[in-house]
Amino acid sequence: MIKPIAILLSFCLITAFSTKQKKVIFFGDSITQAGVNDIGYITKMQKIAKDEGFADKVELIGKGIGGNKVYDLYLRMYDDVLSHNPDIVYIYIGVNDVWHKQSHGTGTDANKFERFYQAIIDSMQARQIDLILVTPGVIGEKTDFSNSLDGDLNQYSKIIKSLAEKNNTGLIDLRGMMIDHNKTNNPENMEKGVLTRDRVHLNEKGNDFVANIFWKTLKDKL
Amino acid sequence: MIKPIAILLSFCLITAFSTKQKKVIFFGDSITQAGVNDIGYITKMQKIAKDEGFADKVELIGKGIGGNKVYDLYLRMYDDVLSHNPDIVYIYIGVNDVWHKQSHGTGTDANKFERFYQAIIDSMQARQIDLILVTPGVIGEKTDFSNSLDGDLNQYSKIIKSLAEKNNTGLIDLRGMMIDHNKTNNPENMEKGVLTRDRVHLNEKGNDFVANIFWKTLKDKL
Amino acid sequence: MIKPIAILLSFCLITAFSTKQKKVIFFGDSITQAGVNDIGYITKMQKIAKDEGFADKVELIGKGIGGNKVYDLYLRMYDDVLSHNPDIVYIYIGVNDVWHKQSHGTGTDANKFERFYQAIIDSMQARQIDLILVTPGVIGEKTDFSNSLDGDLNQYSKIIKSLAEKNNTGLIDLRGMMIDHNKTNNPENMEKGVLTRDRVHLNEKGNDFVANIFWKTLKDKL
Amino acid sequence: MIKPIAILLSFCLITAFSTKQKKVIFFGDSITQAGVNDIGYITKMQKIAKDEGFADKVELIGKGIGGNKVYDLYLRMYDDVLSHNPDIVYIYIGVNDVWHKQSHGTGTDANKFERFYQAIIDSMQARQIDLILVTPGVIGEKTDFSNSLDGDLNQYSKIIKSLAEKNNTGLIDLRGMMIDHNKTNNPENMEKGVLTRDRVHLNEKGNDFVANIFWKTLKDKL
């Protein structure tokens, strides 16, 4: 008669599993670095998690560094992500890969963006990490496609979407969502001030926007 | 009874006016420089003029120099345009103002583009030249707004359109027309080969396209 | 016998001439804009002028605007310089013409730098303004020629020197002087902190350095 | 009495060792890609090897691809170098890392250049490959440090020299040697035509120059 023990064991296992806290890392640039500030999107997600009763079920960790491009994530993925054994990782990169072409002459070639991004995905999937890829938001909020880097942002977003599909990861097309939001909420075609404070970095409304979108995908995994 | 003489005079004036050959200068960059080649858009316009019986009524002169930006047109407008006393001038510039940001680091600031363009307009209008402003075509023919310089091309086209309105000149929104054409004729989202041979410079179809559009506006003035 | 009167008149004229206050305009970019600050080089020159008893003989006017390139000086030379009828003008430009290649993609082509600079010289010399051309200082103070823009700064300085010679103007090779100074005073090959606070903009020592050099050339003209 | 056999074995081993052909890979960009052409530096080295009686002792393999930067070498080092088990590798990279800042906006940040270069060194040294690092030659041959990218080339050369020292590899300071050569052989301060045909790519004299320098270091290892 080993059944009672088996049942007990199963119960323990299920309990253990269901109460196991999921470790989530947000891996990105200055937008994510600011995500842990008072009004940052990660801070806001933590509040939402608490309000909705998920406080014990999830640990949210920001690993954003200002100015980072895909190369930087590649170089620090062991130290900052893999060594922490996360369950879920949001990769939120691409703005500087495009922007630095213009501001520093050291942006990322499209083909290299894809190669190094793929290498990050490979390393993470080899450790069974659940990945959510995020397309870069905006550099300029004008809605008539006259922000100077719109073309490249669209192109790099396409690359990310195709990587998500090819590698069977999660995907948040944040760029598409921000553009859609602004079409409705930016009738004056302003270049900043809707979801960003400076064309790139999220203002409080932008942080709310991102927190809600990210939370929706995360909640389903808890 | 002076009426007969008045009528005669009027007749002479009308005749003189109607037979006076109009001098037309196309003022631009490498696209216009190539416009006088065998398959160039200016050569094609000359054929059209001949076919439609306007050969004697119009003289078409190409003044395009490869690599030119608005600054270059400004610097050579006296030598290459004003000193020739044209009746009509097509100003067809802007591709390099945007492109050279990426390829040489010496593109044109948007505010300077507007200032120097306005200065050219002022000098030409002071001589009663009939102006037609042309928006820059394309740098890349992809139709999903993922060509890397689409944002800036849209922005500089907006500036040109606003200059045309403000200065009451003619306007050909060539960029808008090429994009519309490609939406229908480039279902595979190719980056070249529809109207251009290399993403920027017109192939024969592109030269036909431009010749027909330019001719339509010109014919009305002859 | 009109001689006494003539002598008297001559005396008055000489007196008038010798006491006539010279109007000096410093025409430039952010370095000159900051030149009128408390520790700015123009403020320091005013103190020197006072200390040396030239306070009544010279009026020093700063006309610097941040981010300006040669194109900007060209566009605002009537409003900001010629309309003020200065006797002497220091043209101190070039840093942004080089720097913006890297930081904005909108630097100035070398040939255009020369053309527009020459046009400024022509307009000013046509009004008998005494010109002093100044080569751009530094973008980075490392002394082993490994500052990323050293090559271009050297090239644009060569252009300015050749313009000075060709147009018979005054010349201050500020770049050469700053490099010489740093060879002695920057043994650790620091990229900033010797004469600049941020690789480009003058710290107090830098403002002293420039004030003394500029004053030396100015004093001879008073 | 095993001595004769021992002697024989020793002889065979020595012979085997001394006759073992060394496999040498030149790992680089378009300059190395052209190195296997008729007048290319690798072809010339093969002729020298033959003339000097080293034909059987060395195998020279070109692995250059046009446009390559340090990132590209990193991405293809397994396929193109490590999988071939070379004895010696010349790493000859850096021109595009600097040049593409200006021509494409996708040059390499100095700190990333160092990080990825180090990663290549690590992978090769882990396989006991004998490394020779080569500093990038020139982009423009003017000898008065007014080539627009001189500053960065000097900086990236400094990084390579410091990597060589730190990792105890061989070093050829090709940039220093080319500059020294031009100081004597380019009295007219030409920007091309001394060792290059186009400011960057080696003409025949340049290929001779590089072949001789590289051979000198290689011969010592055979």
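The letters A, B, C and D name the chains in turn, as written, and every chain counts its residues from 1.
In the analysis below, a residue touches a chain if its C-beta (ideal position, glycine included) is under 8 Å from a C-beta of that chain, and two chains touch if they have at least 3 such contacts.
Predicted model only: the values in this text are computed from it and were never measured.
Novice: What chains, if any, are shared contacts of subunit A and subunit D?
Specialist: Both-contact set = B, C.
Novice: With a Cα-based fit, what is the angle in degrees between subunit C and its identical partner subunit D, given to the nearest 5?
Specialist: Superposing subunit C on subunit D takes a rotation of 180 degrees, nearest 5.
Novice: Mind checking subunit A against subunit B and telling me if their interface is mostly the same residue numbers on each side, over half, or mostly different?
Specialist: Subunit A and subunit B contact each other through largely matching residue numbers.
Novice: Which chain has its C-alpha centre farthest away from the C-alpha centre of subunit A?
Specialist: C
Novice: Find the geometric centre of each of subunit A and subunit B from their Cα atoms only, then give the gap between the two centres in Å, rounded to an integer.
Specialist: Inter-chain centre distance comes to 46 Å.
Novice: Using Cα averages as centroids, what's the distance between subunit B and subunit C in whole Å?
Specialist: Here the centre of subunit C sits 41 Å away from the centre of subunit B.
Novice: Rounded to a whole Å, what is the gap between the Cα centroids of subunit B and subunit D?
Specialist: Each chain's C-alpha centroid was found; their separation is 50 Å.
Novice: Out of subunit A, which residues touch more than one other chain, so two or more?
Specialist: Expected reply: 101-102, 104-105.
Novice: Under the touch definition given earlier, write down the residues of subunit D that touch subunit A in their complex.
Specialist: 71-72, 75, 100-102, 104-109, 112, 115-116
Novice: Show which residues of subunit C lie in contact with subunit D when the two form their complex.
Specialist: Against subunit D, subunit C makes touches at 101-102, 105, 140, 144-152, 154-155, 158.
Novice: How about subunit D: which of its residues touch subunit B in the complex?
Specialist: 102-105
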